[in-house]
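Several structures are given next for inspection.
Next, two complexes with subunit A in common: one pairs it with subunit B, the other with subunit C.
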Partner chain A sequence: MNRNSSMFTLYTGLLGLVTLAFGLADILVWAGASPGFSIGILEIAGGDFFRWAWGGAILVFGGLFMLGSLRGRGTMEQFGKIVLGAAMIWIIAGTDIFARLCESIPAGEEAPEFFNSVAGFVGGFAPPYSPAILLLPFTLGIVYFLFNGRFDEI
Partner chain B sequence: MALPVQERWDLVDIIARKTVAAGAYRQNLGDVLGDLTVRPLTGIPVAFAVLYAFWSIFSSFAGALVTDGFMVKVFDSHWLPWLQGAWSDPASIHYFLFVGDPLAENCFEAFGMLTSGLFVAIGVVLPAIIIFYLMMTVLEDSGYLPRLAVLMDTVFHRIGLHGYAIVPVILGLGCNTPAVTATRVLETRKQRFIMMTLLAIFIPCGAQLGVMLEVIPDAVGWVMLFLLIGFGIFGFILDRIIPGSNPEILIDVPPYHWPLWENVTKKLMNRTKSFLKDAVPFVLFGVLVVNVLYLAGIIGALADLFEPLFVTWFGVPKETVGPLVAAFLRKDLAVAQLSAIAMTPYQMITAVVLVSIYFPCVATFVVMLREGWKELAAAVAVLVATVFIYGGLIHAVGILMGVA
Partner chain C sequence: MRREGFIVLIAALMLCQGALAHMPGADPAPEADLGPIVVLDNGVPVEIGIDDIAAYHGGLEGKEPDACICCVCMYRVLLAGISEVWGDEIPERSDIGVQSRLVSDGALHTAWYVTGIGPGMDAGSAGRLTLVAPNGSALTDYSTQARMGIAKNRCLGDYRFEVTRLSTGESATLTLCEDLFPEGFFELRRAVNVDKTATEAQSAEFLEKWSFLRADLLQKPDYELFNEIEPPEEEEPDVLGGGVFLALLCITGAGIVLMGKKRR
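Coming up: the complex of A and B.
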């Protein structure tokens, strides 16, 4: 096992664990273990079944895919599982960002104008963020290997 | 002169050697992902994630951005006040037919042909249809849909269908009309009948989903859950009582690829054009017909006639008879009408489920008739029984839960 491989295994394992933990936290907050919390730039609101229970379950599966890829040697299939795990994060984060975009473009029901101001639009993307959005930058390593086709080196 | 068999095979070998180049197969990442998404252990979570993305993008775009963000403002703050001011004599019949309630503050409540009719068709349903068909086309052209068919094969076999039944089901979530035509992907008459009946009863169209999202956003999940359960139960029963075979199929699964945007645009344009041509006139005409029926006192008479059934058996107010009449013309229209009736949340869920499982809209009805009048008559018989049994069952569940 070369150095690249060990580093990538460590990176995938950590990302998988954190993704799993965030997914479980989403579900637990929705189930009422906590009324919803916000720490720094992280927020889990937990009110909506679709976003927090269903979305949380998808993050749980994403984490499990990444952790499942750690078993066995570094084959193409292992990398496929890592990509699927990352895709789960991209789906939840992508839809969260798209939802913010869709809510930020119009001015709001009470305002007389149709479009939001630039400040209002940018403000729509201000923190706090959902766990999936916070995980997004940490999947860049997978994107790097994916687009450079260097997964046979890991 | 015909060649002997051996010489013919030799000739085939010579041609093959000259024309076919065989290289070593090297599995790529696309192949691996394609394989992982049809295996149940990895494929089912991916299917859940895809459905999540589908619904999330649908509700953000159609609900938050276009309808709530712009259309509500255009119709309620500009179009409705202008119409109410410009149209003379609010007490006249034509005012009632075209503008509706003169005291209404929004287009959903006005219920005139040019207020509710236009708002539902253009403001609510059109954006829902556009985003639905866009995502559907992307899934289709990327190669994911055949994989979903493979994954769903075992589930659909339980109700006498096979994996490709996912195509009419997903199409039906856009519009039931092309979905009924798409039942031809199924092999036997039995399978086509089961699919057509289940489509007509349990699959809400995109238009209805769009309106549900707008008027009862918190109850959409419950309505869909009741419809999904009904789809499974009644599919299972139909499979047991209808004679005929359920053959296996072989599905050709293409590799994943990026959709060609020219194809996506073309499909989207064609499907949207077809919706505009088929559905918009039905919505406008539907409002007009329902208003005429109200004026003639027919809706009131029907409400009185069916009151015992609706109030006692289904547990919903007798005023829901009007929307049920409208549901035959357009189900989205009927849901919009229901939103104006005072009901408890559970009654609203029951009423929306009833609108969904009650008669197919007239456009679907016509397409079903084209598939065969015997099938249509049998589907209607199943439908009447289903509405009666399932409607009563939902009421019973509500009573047991203490919410009805």
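Coming up: the complex of A and C.
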């Protein structure tokens, strides 16, 4: 096992664990373990079933796929599992960003105008963020290997 | 289900709807999530909802549960007043003092229930309620007859309340905003309820305005009901935070596109 391989294994393992933990947290908050919380730039609201319970389950499976890739030797099948796990994060993060985009276009309910101001629109993307959005930059390593076709080197 | 059972069920459901209507012919009260008034009764937290008030008022009147305008008004006064004076703390029932120029049955029964003074309540843990006459003196006679004399000439000035923390003397005065009341409301009320000289059209108009006012009292936020409560300050959007996020998103997206093109 070369140095690159062990680093990538560590990276995938940590990302898988954090994704799994975030997914479980989403589900637990939705189930009522907490009324929803915000720590720093992380926020888990937990109100909506499809976003937090269903979305949390998708993150859980994303984490499991990544952790599942750690078993065995470095093969294309293993990398496929990692990409699948990352794709789960991209789906949820993508829908979260799209939701923010849609919410930021109209002005508030009490505002007389329909469209938001530029400052209001940009401010709609301010923290705090959902766990999936926070995980997004950490999946860029996978994108790099995917685009460069260097999965056989890891 | 048999047909008779079905008809009884429908009738029961219709009665439930009618239970919240105080004014004969008025629409059912709109749905409102006001949250309960929470007080400590000898150290034990008690949650009082608008439905509890409606049941108590209806019981004392010998009618169905009834959340009339005066009940809802006093409920909102107590919710807002307790929040203003106690903040996040839960008041002990015996520590709540209420002064009201609104001397109607609905307001009286609501204040009785929350302060624990009224019939059927534990007098040992009761707070204090003072009804105030239009000239500013405290009423000593709470009989219906005495109060009806004052209620005949009800006007905007009667919607003045004071919620006091008896142990510290800290208090909040609350008055209802003038623009809540539809134009000609008090004149119509007098013609319909007191003088009984209203025409059918005037009665219908009053009914509509009465329902409109109750809906506002149930649904509007405190700062739109009371002159003394300031609207919450609007938060300035976090342009920097949002800008950084959008910039990172655009840079990453562009990087991925370039990486994809380079690969080809």
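Here, the second predicted complex is superposed on the first by the 153 of 154 C-alpha atoms of A that agree within 3 Å, B and C clash if a C-alpha of one lies under 4 Å from a C-alpha of the other, contacts with A are read in each partner's own complex, and residues count from 1 in each chain.
Note that a residue touches a chain if its C-beta (ideal position, glycine included) is under 8 Å from a C-beta of that chain, and two chains touch if they have at least 3 such contacts.
These figures come from a predicted structure and were not determined experimentally.
A.B. asks: Touch test for A:F98: subunit B only (first), subunit C only (second), both, or neither?
C.D. replies: In the superposition, A:F98 touches subunit B alone.
A.B. asks: Taking the superposition as given, does A:M88 touch the first partner, subunit B, the second, subunit C, both, or neither?
C.D. replies: In the superposition, A:M88 touches subunit B alone.
A.B. asks: Applying the touch criterion given at the start, work out whether A:F147 contacts subunit B, subunit C, both or neither, answering first, second, both or neither.
C.D. replies: In the superposition, A:F147 touches subunit C alone.
A.B. asks: Considering only the touch criterion stated at the top, classify A:A119 as touching first (subunit B), second (subunit C), both, or neither.
C.D. replies: Second partner only, subunit C.
A.B. asks: For A:A57, select first, second, both or neither according to whether it touches subunit B, subunit C, the two together, or no partner.
C.D. replies: A:A57 sits against subunit B, while subunit C stays out of touch.
A.B. asks: Please work out whether A:P137 is in contact with subunit B alone, subunit C alone, both, or neither, and reply first, second, both or neither.
C.D. replies: second
A.B. asks: Give one of first, second, both or neither to describe whether A:G80 is in contact with subunit B, with subunit C, with both, or with none.
C.D. replies: First partner only, subunit B.
A.B. asks: Who touches more of subunit A, subunit B or subunit C?
C.D. replies: Of subunit B and subunit C, B contacts more residues of subunit A.
A.B. asks: Touching residues of subunit A toward subunit C in the complex: what are they?
C.D. replies: Per the touch definition, subunit A meets subunit C at residues 97, 119-127, 129, 137, 140, 143-144, 147-149.
A.B. asks: Which stretch or stretches of subunit A touch subunit B in the complex?
C.D. replies: 49-51, 54-55, 57-58, 61, 65, 76-77, 79-81, 83-84, 87-88, 91-92, 94-95, 98-99, 101-103, 105-106, 109, 114, 146, 151
A.B. asks: Which residues, counting only subunit B, touch subunit A once they are in their complex?
C.D. replies: Touch residues, subunit B against subunit A: 27-29, 32-33, 35-37, 42, 45-46, 48-50, 52-53, 55-57, 60-61, 64-65, 68-70, 72-73, 221.
A.B. asks: Which positions of subunit C touch subunit A when the two form their complex?
C.D. replies: 236-243, 245-246, 248-249, 252, 256, 259-260, 263
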